[in-house]
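There are two complexes below, and they share chain A, which is joined by chain B in the first and by chain C in the second.
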Partner chain A sequence: MLEPFTLPFVQRALIEVLILAVGAGLLGTWIVLRGIAFYAHGVGTASFPGLVLAEGLGFAAALGALGTAGIFAIGVTALHGRRRTGYDSLTALVLVGCLAIGVILASDVFRSGASIETLLFGSLLLISWQDVAIAAAATVCAVAGSLVLGHRWMAAGFDPESATALGLRSKVPEFVLLALIALATVSALSAVGALLATALFVVPAATTRLWTSRMRSWQISTVALVAVEATAGLWLSVKTDAPPGATIGVLAGVVFAAAALTRALPNQLRRHAPVAASLALLAIVGIGCGSSDAGSNAAASGSAAPIVVVAATTQIGDLVTVVGGSEVKASTILKPNSDPHDYEPRPSDVQATADAKLVFVNGDNLDAWMEKIVNESGSDAKTIDLSLGLPVKLPGESEGAGASKFDPHWWHDPTNAEAAVLEIRDSLVAVDPSAKSSFDANADAYLRKLAVLKASITACIEKIPSADRKLVTDHDAFNYFATAFGIELIGAIIPSQATQAAPSAGDLAQLSKLIESENVKAVFPESSLSPKLADAIAQQTGATSKYTLYADTLGAAGSTATTYLTMMAANADAVVRGLSGGRQSCSIAGL
Partner chain B sequence: MGARAVRLRGFEVARGARESVEKPTGGGASVATEPAPLAFTRDLSVGYGGPAVIVDVTFNISPGDRIGLLGPNGGGKSTLLRALLGDLAPSGGVINIDASVAALPQTERSRLDYPVSALDVALMGTLSRLPWWRRPGRAERRQALDALATVGLGDLALRTFGELSGGQRQRVLIARALVQDARLLLLDEPFSGLDAQTSERLMTLLDELASQGCGVIVATHDVEQVQRWDLVLCLNHHQIAFGPPATTLTSKVLEATYGGSIVTVPGDGDGPSRVILPPHHHDHG
Partner chain C sequence: MADGIHVAAALGWLTDPWSQPIMVRAFVEVALLGVVGGALGCWIVFYELSYGAESLAHSIFPGLVIAALLGLPLLLGGALGVLVAAVAVFLAGRIEKIGRDTAVAVVVTSLFALGVLLALSPDSPPGISGLLFGDILGVTDSDLAMAAVLAIVVLVTLRLLHGRLLAVGFDRSSAKGLGISATIVDLVLLMLLALAILVAVQGLGNLLVVAVLVGPSATARLLTNRISSMMAVAVAVAVASGIGGLYLSYYAKIATGASIAGVMVAVYLLVALISGLRNRSAMTPNSATT
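On to the complex of A and B.
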C-alpha cells in the first residue's frame, strides 16, 4: 500500500509538500483570519509578467516570479496605506495591471514562446532540489514572521479602527505579512501552480477554522491538515494516475465540504462524525488500492522484453508506435487535443520516462517541459531531438533569449516526417540491433504511405486555382504545410507561435482588410483552441470558419485524425474544402 | 501640579500630563491651577474625503471628566470618536490630543468570531510600547493579567473573547485600555445589549477610572443615561450644545439634536425635565 512512496520522484514530492505544509498552513490561518484570500490567489497569478521577462531576458524564472510578487506586495501595501480600500479591490487593481503588462510583454515585446504558461502550472512530480530549497526558505521565513509579528497581525484584524491608538502605525508588519504570502505562493508555484495554490493555503485553514476557537490550535491543526491532505493526495494520485496538484485540490475541497456539513448537523448526529470520517478514509484507500497502480505496473513492464520509449507529442508517439511495432512499448506524454501549455504530467508519465531507454521530443521549444520530466524522473534515457536532423527548416517567430530560432511545427511537411521516421528507426536499432529487420520493414512500409500522402495532397491542392490558395489560420502553425504544398500564407489571427499571445485591435483590423483585399475564402480555427476569434473574423469578412485544422496534436479517439497520416489527410481535406468554397474535397485512399 | 501617576488598585494607568498646554477657553492666558485638558477641539470638521460629516465641534475634556456624546444614528458620533483616535484626519479646525487614547469598539459579530482569548485582547494594549519587531514577552503578559484582574476577570483570562458575556467583553476592552496606559477612553454604545445590573457594574468601573484622572467619552443615543455624566456633547452633523446635562439638555437642544418631536415628562424639583424620545429612536441595534 505504501509502495508509491518508494518511487524517488514521489519521495521528493513528499518532502516538498511536507515542507510547504508548514508555511502554507501557518500563513493560511493568517490569510483566512485577515480575509485576504483573493490577495493570496492573485499574487501567484500576477507573477506572469515576471516569467515573461525572465524568459525574454534570459534569467531564472523563479527570480522573475519572486520579483513581480514582491512588487505586487509593495503595490498593494502602498495603496492600502494611502486610502482605506479593502485588500480585495486593491488586489484586483494591481492584478489587472500585472496581467495586462504580461500579455503586452508576451505579445508585442518578446513574442514569447509557448513555454511560459507552463510555469504558471506547476507539477509536484517535477520538483528539483532547488525548488525544495526555495520552499524551505519560504517556510522558515513564514514561521519566523508569524512568531515575531503574529500579535500585530492579530490586533490589526481584530480592531482596525484602533490600529493607530494601539500603536500599529508602522506599515512594516502588514507589508511583511503580504510579502511572506507572496514568497510562499511563489515557492509553491513549481509544485502546484498559481491556480491550485489556494488548495494548500486557504482551503485547509478555512476547514480547521470551523473547529478551532484559538489561534494556536488553529495553526497547529491547519499545518497538520495540509500535511495529511497533501500526503494523501499524492498517494491517491499515484494510485489513480491523476495529476497530483489537482488531486490534492479536490481532496481539500471534499474535506472542507464534509467538515462544513458535519458542523451543520444536529448534535446527536455529530457524535457519529468520527465514524463517518473513518469510512471516508477507508473509501479513499479503497479508491487508491482498487485502481491500477500506475507506478508498479510501469515498473513491472520495464523488465519485460519490449523497449520502453517515451514520445513527447501525439504525432511523434504515432510514428514511434508504427516503426517500433510489437518490439516497442511506447508512451505518449501529451494527450490528443490537450494544449501543451496547461499540461500537468501524471505519475505514470514520469514513471514511464524513468523507465524509458529512449525519449523522442519535437524540439524547437514546443515541448521544452519534456527536458524537465527527463531530469526530475531520474531517467538515464537518451533524448532524441527530432528537429535536429530535418531537411526543411523554417524560421521561428518568437523573440527573446529563450525563444526558438526555428518554427517548431515541422511535422506538417511530410518530407520532415520521412526524416523523423528514419531517425526513429536508427535510434531504435541502436538500442536493440537484434530487431533491426523488423524496424527496417516497418519503416519502409510507412515511408511508402508517406509518399502516397504527399503525392495525394499535392494533387488535391493543385486542383485549386493558384489565385485561391491563400491560408489564414489561428496561430502560426502552418508555415511548413503552406510551403510544402504551394499555398500562400496570408496571416494568422494570433500573430505568434505562442497561443497565449493576444492580437491587438490593429492587428485584427489589418488582417480583416487583408482577407477582403486578397479575397480569402476561409479562415481555419484549430482543434485545441477556441474558435471564437476565427468565427468573429469570418463573420466580419464573409469568409467561412467552418473547417477546423489539427495544429499541435492529433485528434482524440473517435475523430477522423487519430494517426499522423489521417490527421494530415483531414487537414488537407479541410483546406481544400475551405479554399474551394466547399465545392471540392480531398479524400486519400491507402493510408 | 506635577506629573501624576494615578494608581488604580495598584495598577498604574497614567503617565505624567504636560501642564503647558494652551487652554482652549482661557482666552490665551493659561490657568495654572486647573489640570491641562486631555484633549480639545476647535471648530473641528471631519469627513471621509468627501463633504465633512461633522463640522464646528468645539469642546475640551480634562482629567476626571465623563462626557456623554449624544446624537442620532448617522449624526457623526462614531466619526468624532475615530477622529479622536487618530484614525481620521480633520478636514478643518484643530484637534489636540495630549493623552494616550484607547477605544472600546462595539463588539459586533465579526469580533465574536475572532480566535482570541481575553488575555490575547488585553495583550494588544502592550503593542504600542514595543517596537514593531518585538513580540510581547513575560512582563507584558504579567501586565495584561493584572489588568484583567483589575476589571474582575482574572479567572476568565483564557476564555475565548466571543464566548464571554457582553459586559465581560466590555471589561476585557477596558483592561486593554489600562494596559495601554490610556488616559482618554472612547466608548461606542457600550451599554447596548447589556442588562441593568451589568450596565451598572460597567458604569461603576468607568466612574472609578474617571476618579483616578481618566477622561471618558461615551457615545450613546440614550438621553436618560446621559443625565448621569458630568458633561454632554450633542452632535447632529454639527455641534448643538456642550455643557453640564442639567443646563444643556433642554427640549430645544434635544429637538435640534434629534430633529423629530420630543416627549417631555415634567421632572421633580427645578431640574431639567426628564426627556424621553419617541420609541423608534430606541430601535438601535
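On to the complex of A and C.
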C-alpha cells in the first residue's frame, strides 16, 4: 500500500510538501484571519511578467518570479493607504497591471514564452533539490515572521480600528506579512502552480477555522491538515495516475465541504461525524488501492522485455512506434487532447521516463520541459534531440536570450521526418543490435510511405495556380510546410508561440489589408486553438476559415489525423480545399 | 490652409481604425461591456467582490468538460459551472468566520482542480480550457447580441435592486430592521457577476473582464461619493479607456486586451496620484478613509 513512497521522485515530492505544509499552514491561518486570500492567489499569478522577462533576458526564472512578487507586495502596500480603494480592488488592479505587462512582453517584445506556462503550472513530481531548498528557506522565514510579528498581525486582524487607535499604524508589519506570503507562494509555484497554490495556502486553513478559534491550536491543526492532505493527495495521485496538484486541490475541497456540512448538522447527528470521517478515509484508500498502480506496472522489466522508450510529442511518438514495432514499448508524454502549454505530467509519465532507455525530444525549445522530466525522474536514459540532425532548418522568430535559433515545427516537412526516422532507427539499433533487421525493415517500409506522402502532397499543391498558393495561419507553425511545398506565407494571426500572447489591432488591420491586396483565399484556424480570431479575419476579408490545420499535435482518437501520415494528409487536404475555394481536394492513397 | 490639412490629417487619424469591421465590433463590445462593467463594477467594488470577478471564470472550466463528456452544449455547461460556483461561494461565505475571499478561494480552487482531473478523460476534446475564452478582436455577432442582452439584464436588475443594494451595502444589521433580506441581495449580486463573467469572458478574455469590472469603478470611487454619480463616472471611464486602448493597440501595435486593461489601470493610478496630492496640499488628515 505504501509502495508509491519507494519511488525516488515521490519521496522528494513528499519532502517538498511536508516542508511547504509548515509554511503554508502557518501563513494560511493569517491569510484566512485577515481575509486576504485574493492577495495569496494574485501574487503567484502575477509572476507571469517576471517569468517572461527571465526567459527573454536569460536569468533564473525563480528570480524573475520573486522580483515580480516583491513588486506586487510593494504595490499593494503602497496603494493601500488612506485611499478609498479596498484591499481586494487594489489586488485586482495590481494583478491586472502585472498580467497586462506580461502579455505585452510576451506578444510584442520577446515574441516568445514557450516554456513559461510550464513554470506557471508546475508539478510536484518534477521538484528539484533546489526547489526544496527554496521552499525550506521560505518556510523558515514564515515561522520566524510569525514568532516575531504574530501579535501585531493578530491585533490588526481582529480589530483594525482599535489597532490603529493603539498606534499600530506602521505599515512595516503589514508589508512583512504580504512579503512572506509572496515568498512562500512563489516557492510553491514549481510544486503546484499559480492556480492551485490556494489548495495549500487557503483551503486547509479555512477548514480548520470551522473547528477552532484559538490562534495557536488553529495554526498547529492547519499545519497538520496541510501535511495530511498533501501526503494523501500525493499517494492517491500515484495510485490513480492523476496529476498530484489537481488531486490535492480536489481532496482539500472535499474535506472542506465535509467539515462545513458536518457543522451544519444538528448536534445528535454530529456525534456520528467520526464514523463518517473514517468511512470517507476508507473510501479514499479504496479508490487508491482499487486503481492500477502506476508506479509498479511500468517497473517490471526482464531481459526479453521490449525496449522502454519515451517520446515527448505525439508525432515523434508515432514515428517511434512505427519504427520500433513490437520490440519497443513507447510512451508519449503529450497526449493528443492535452494542451502542451498547461500540461502537468502524470505519475506514469515520470515513471516511464525513469525506466526508459531512450528519450526522443523535438528540440528547438518546443519541449524544453522534457529535460526537467528526465533529470528529476532520476532516469539514466539517453536523450536524443531529433532537431539536431535535420536536413532542413528554418530560422526561429522569437527573440530574447532563451529563444530558439530555429523554428521548432520541423516535422511539417516530410524530408525532415525521413531524417528523424533514420535517427530513431539508428538509436534503437544501438540499444538492441539483435533487433536490427526488424528495425531496418520497419524504417524502410515507412520511408516508402513518406516518399508517397511527399510526392502526393507536391502533386496536389501543384494543381493550384501559383498565384493562389498563399497561406495565412493561426500562429507561426507552418514555415516548413510552406517552404517544402512552394507555398508563400503571408502571415499569422497570433504573433507568438505563447498562449497568453495576443495580436494587436494594428497588426490585424495590416494582415487584413495584406490578405485583401494579395487576394488570399483562406485563413486556417488550428485544431487546438479557438477559431474566433481566424473567423473574424475571414469575415472581414472575404476569405474562408472553414478548413482547420493540425499544428502542434496529432488529432485526438476518432479524428482523421491520429498518425503522422494521416495528419500531414489532412493538412494538405485542408490547404488544397482552402486555396482552391473548395473546388479541389487532396486524397492520398496507400498510407 | 495648413490648419485645414492638419485638421483633415487628425480626422483621418481618428477615423482610420474604424474603417475595419473588426475594430467597429471591438468598439461596440467594449462600449456595451463598459456599461455593464461600470454599473455592476461599482457594486463589485462596494461589496468587495473583486476576487470573485477575477476567479469565477476558472469555474467555467469543469462545466465545459462535463458538458463535452455528456455531449451537451458547451455554453450550457459553462453557465452551470459558473452558477454552481456562485451559489457555492454564497453558501461558503455564510459560514461564520469564513470571509467572502476565503470562500471564493475554497470554491474556485476545488472546482478548477476538479476540471483538471475531469479533462484527463480521453473523451474530452482538445484545448477545451480555451474554448470559452475570447479575444476582443475576434468578437462575433452572437457575442455582441449576448453583450447587449446582458447590459439590459444588468441595468434593469440593478435599477430594481438599487435601494436594497445600497441599504445592505452600508449597514447589514439596519437593513434587516428595514425588512430587507441581505441573503437575497448577496445572492442576486453574485448571480449577476456570474452571468456577466460568462458573457464577457467570451468577448473580452479573462484579463480584460477583471479590468473592466474593477478598474473604472475603483477610479470613480476616488472621485465621488454618491453611488449613482459613481456609476456614471465608472461607465464613462470604462468606455473612454476602452476606446483609448483600441487606438493604442491600433497605432502602437500592442496586444489589444492588454492595452485596454493597461489603460484602465493607468487611469486609476493617475487619478489616485492626483487625488493623493490634492489631499496632501489641502492638509485634511482624516479626509479619505474607507
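Methods note: the second predicted complex is superposed on the first by the 580 of 591 C-alpha atoms of A that agree within 3 Å, B and C clash if a C-alpha of one lies under 4 Å from a C-alpha of the other, contacts with A are read in each partner's own complex, and residues count from 1 in each chain.
Convention: a contact is a pair of C-beta atoms (placed from the backbone, for glycine too) under 8 Å apart; a residue touches a chain by one contact, two chains touch by 3 or more.
Please read these numbers as outputs of a predicted model, since none were measured by experiment.
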item: Dominant contact partner of chain A by residue count, chain C or chain B; value: C
item: Chain B versus chain C as contact partner of A:263, first or second or both or neither; value: second
item: Touching partner for A:57 - first (chain B), second (chain C), both, neither; value: neither
item: Touched partner set for A:441, first chain B, second chain C, both or neither; value: neither
item: Partner chain(s) touched by A:148 [first = chain B, second = chain C, both, neither]; value: first
item: First (chain B), second (chain C), both or neither touched by A:36; value: second
item: A:289 touches, of chain B and chain C: first, second, both or neither?; value: neither
item: Which superposed partner A:503 touches (first chain B, second chain C, both, neither); value: second
item: Chain B versus chain C as contact partner of A:215, first or second or both or neither; value: first
item: Residues on chain A lying within both footprints (that of chain B and that of chain C); value: 83, 209, 213
item: List of chain C residues in touch with chain A within their complex; value: 17, 20-23, 25-26, 45, 48-51, 53-55, 58, 92, 95, 97-114, 116-117, 119-120, 122, 124-127, 129-131, 133-135, 137-140, 205, 207, 210-211, 214-215, 217-218, 221-222, 246, 249-259, 261-262, 264-265, 268, 272, 275-276, 279, 287-290
item: Residue ranges of chain A in contact with chain C within the complex; value: 31-32, 35-38, 40-42, 79, 82-86, 88-93, 95-97, 99-101, 103-104, 107-108, 195-196, 198-199, 202-203, 206, 209-210, 213, 242-243, 245-250, 252-254, 256-257, 260, 263, 335-339, 342, 344, 346, 499, 501-509, 512, 527-530, 532-533, 535-537, 539-540, 553, 556-557
item: Chain B partner contacts - residues on chain A that touch it in the complex; value: 33, 83, 147-152, 154-155, 157-159, 161-168, 170, 172-173, 209, 212-215, 218
item: Contact set on chain B toward chain A in their complex; value: 49, 82, 85-87, 100-103, 105, 111, 114-117, 120-121, 123-125, 127-130, 132-136, 160, 162-163, 180, 182
